[in-house]
């Protein structure tokens, strides 16, 4: 960290800041410019609180030098992390497509969808049992019954299952049924949940919050990693902007940026990222071309009857066409699908 | 709700949409324009899912006519809601100032702050025992020990206490100690938490998420209200924008807008709303002038030693000066302080 | 357009609104719901001002049914527009890559870059003679001397030239030298400039403003089209969001969305869209996979000495590698490069 | 400026960066930390281009220490700038309210409005002759005829006039008629216009772009100041965010922040800042309480017939009521109105 003093800072103020830094076990490097004095902190300054220093007399501001995430960073862990679940690997050469309905509605709906997406090439089944909904009057998911249906359809199709957990106290329950635990966008900074997930023995699909920076996403991953769970899959799913024609603005640059900053696998959710099924296909191709390790896509046999997110769900035939169109793009960037 | 059909919609498609609407018990009002047919839904269309209709063939988009919140709306409840806690009323003519440290650190720190803010005119003590922090390596709060200190200082000063609860399963515990339960910005759409809070017997301070629209804030209030807790206090605390000079952009228009749309009391958090103590004073005056029912302000006896949010905390003497400067503004808009 | 009346609207207020609409030559379609009356406007309501109607007593709000752009819309002009300049076609099966330095600095710099990008497969040369710079103290471009250098290098290489025009009164001057006139992001709503460009006899590259919606971009195109110039190329170059790790957030969904809404060609600027040269390559591949008709990329022989935007410029060798990596992606989506 | 080297930077790379800095006449201060080397630049580093340095091998990023604006900064010019026009002072103890219609429509409309706002206490007349409109089909203003009407009404009422200029070549024309030249939000970074305005002999009202940071606003002011015109009035008018209930999000913190960073007067436009006349009154009071030097407010005798922005215009009676409600707030913060 660097501390930039005000033009008007006195030598007593500079001495105070220096003393504070040295108390924390760091050394100080003073740089007296023509207009300002700058104090460099040498040693592990992570425990030093920027805000405390910024409130000291004579300080203008501080500048962090190191990224605040460590376990999630590629500096710390240069090789790619590859997560394996029931024979499916995420983060390797082979792309992974997770597909299924937004919400689990019935055994028939889930099984029909699972069979169709498996045949088209998906290798993980998605489906929500606990649904975060903006309105208390909307369908909130089938709960544990939904988990049971997911497990049943896994038996019937062999597809591992990813599903969201919202309540930290339900992590053990969801772990009983699911192969991958999903942290939804609205819960990306629900630290109680991240803590519980960090202690679970399951891979995690961590979705970027709709108004979270890339650094905050990596800090959320850091929470999970620092509690002992190192199988974290990052998911870009669009951020909130001023543009009203799409539900979210998918941040395509986040894909290569996350791959550069971190060793964790990165997948993309074009369904929530766009909110419109007509955009899912081109944006899926873009995600693969940008280097994503996989996709998570909403598919529903009858989207016009879906209990949630029908507007962004593909029908099975469109999904199959999408998968066919993705293969040459995957090959063009040296991946397989 | 209104359904706008595509220019190319066939009469069979229009008939399908009409049939779907009528199945749900609503009536249909058809309007055939020169370029489009528009289908109005008459009756209580709330249970009809917009997304389902938008996926039907021939539909271009739908337009909601009614606001999605009901219990929180002024249409439903025209008179102002006034929340009373231990003799303090929130939402009446008298403004309420809640003040205290970001995090509870020790009995001395809390008592010193509480006495100072009480003397300056604050009537609720704030202080965090459970702290949501971006980094897993930052101070996370004293937990239950922090709650005990809050209760002890309430005994010593008579100030009721507001504190954040993050874990739905800790709602009963926090209720034992606190007079007002706070839902933090990061948890505004943590529906498990909102549900638990909705069943608690305590007033709630509900902070707007940094990524949340005014409508979403009112929908979060609707969650709490619909589970039976009608003592909700709304809090504008700044939203995230592209402006880097401030921590958040305080949405001052939200104050009169929330008062127009809803009957619930509205307070403003200028500390998080700006992130800079130098801006807290002018923005507090602005909030009162805009019609806020109160303020929640961070005060710390030694902000340069605060374990969190030192940069936005006022020292007791500045807080007292702020309170003095607020009184004439309050009077200028017909309020008392 | 639809007018939604307040719940409390009187029949006299409804009659007033009806009369106003009928004065403008439209017919009215009344729909009396249980909670609100809704007034549909039948006929060409474009001349009716929404804001006027919204100020009438009893009106809650209005909802536009038709998109406000016409000449730019695919409804109006279903076939793709293909723009041809000196044998280069933009908007057809063949992708177009425009490349060159951010700013024209010297004949040597420009010629060296032009030769390198031509050899790698670019077919239009970009280069700024008039540079919009945030600071009055930064390099503002060579002005007309820059235009002369662009024309000279066009002679030497055969590459047509695209360059920005900022001053409406310089449109004739820039037209003398350039093959394509560029409207920069900061000038997307400079209507005086759009008007002048609309009367020019040159294709236009219209960049999306950094905080402009897709609808506003198409309305800016509408300005140019409505003044008689129908050779408009749209350019997605990233929008401003809260994310600080990238200069802008490239809105990849805008590519297919613009292609669906409009008949105009769409190209992508990954250099400004990301601001980091390390991201240009993956994001270029994503743009092609998403259906873009081309790219505009900053290339500089010595970016560490560039007078502007060095951080986002590719060296010629990297650009050549990028072009090689783009070809299989182009083929994967049925295009050629 | 500070240059942060990568962890992997070699001593040759550090030497190269050092040499480049010293070539520009600055001195270098090297700080070798445990994880990174940091290079401080001593001397006037403004001419050094951050982007060039960031492209040099071994450099991770650069951090500016000084604000990029100088003439606009309070460091450079500690006393408040007070702008005087025809006896009206802006930036002193007395608040200034500018009021009038969005667009000049007719002599009657303008005169009726001018008399009403003058009687209520406004001391500058606003009115647009050249109107930037999103649609080419909307009313674009009366042009020079509108300027003549403004000048005529000034004669009749004694109110000085502020009006927008959009075309750099029309600056002399508008200067003939207007007392204050307005730069609109969409033109805040139209550098050709800022240059022309900088050479005009008239005070300038510079509106913050809807997409512009506070630093960019001050840099736009710097353009005008650096071309010789030192009578710049800054105007906060709301920024674009994700919130759809208001037209813009008025950034109330910008008022005290601009007053701290700069010596220039700051006024607020609550009409565009909210887009809803019902919000203009409370937000005006907030602006005064936050320390604004004045307001610019849209008033129209018949807003439901206004040719633009009717939804945000006050009727004269409401404006008079607003002025009455502002006076006690002004007094509460030590100002007069």
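Each chain gets a letter, A, B, C and D, in the order it is written, and its residues are counted from 1.
Just so it is clear, a residue touches a chain if its C-beta (ideal position, glycine included) is under 8 Å from a C-beta of that chain, and two chains touch if they have at least 3 such contacts.
As the structure is a computational prediction, the values presented were derived from the model and not from experiment.
Enquirer: Farthest chain from chain A, going by mean C-alpha coordinates, please.
Expert: Of all the other chains, the one whose centre lies farthest from chain A is D.
Enquirer: Is the number of contacting C-beta pairs greater for B-D or for A-D?
Expert: More contacting C-beta pairs are found at B-D.
Enquirer: Compute the distance, rounded to whole Å, between the mean C-alpha positions of chain C and chain D.
Expert: Whole-Å distance between the two chain centres: 26.
Enquirer: In whole angstrom, how far does the Cα centroid of chain A sit from the Cα centroid of chain D?
Expert: Computed from C-alpha means, the inter-chain centre distance equals 38 Å.
Enquirer: Could you grab the centroid distance between chain B and chain D? Build each centroid from C-alpha atoms only and quote it in angstrom.
Expert: Roughly 31 Å separates the two chain centres.
Enquirer: Can you list every residue of chain C that touches 2 or more other chains, as numbers and ranges?
Expert: 211, 240-242, 244, in rising order.
Enquirer: Would you mind writing out the residues of chain D in touch with chain B in their complex?
Expert: 211, 213-215, 239, 241-246, 249-257, 260, 273-274, 278-279, 282-283, 285-291, 325, 328-329, 331-333
Enquirer: Applying the document's contact rule, which stretches of chain C touch chain D when the two form their complex?
Expert: 46-47, 49-57, 68, 132-138, 140, 166-169, 186-187, 189-192, 209-212, 216, 219, 222-223, 226-227, 240, 277, 303-313
Enquirer: In their complex, what parts of chain D are in touch with chain A?
Expert: 2, 4, 7, 29, 31-36, 38, 40-44, 63, 65-66, 75, 240-242, 244
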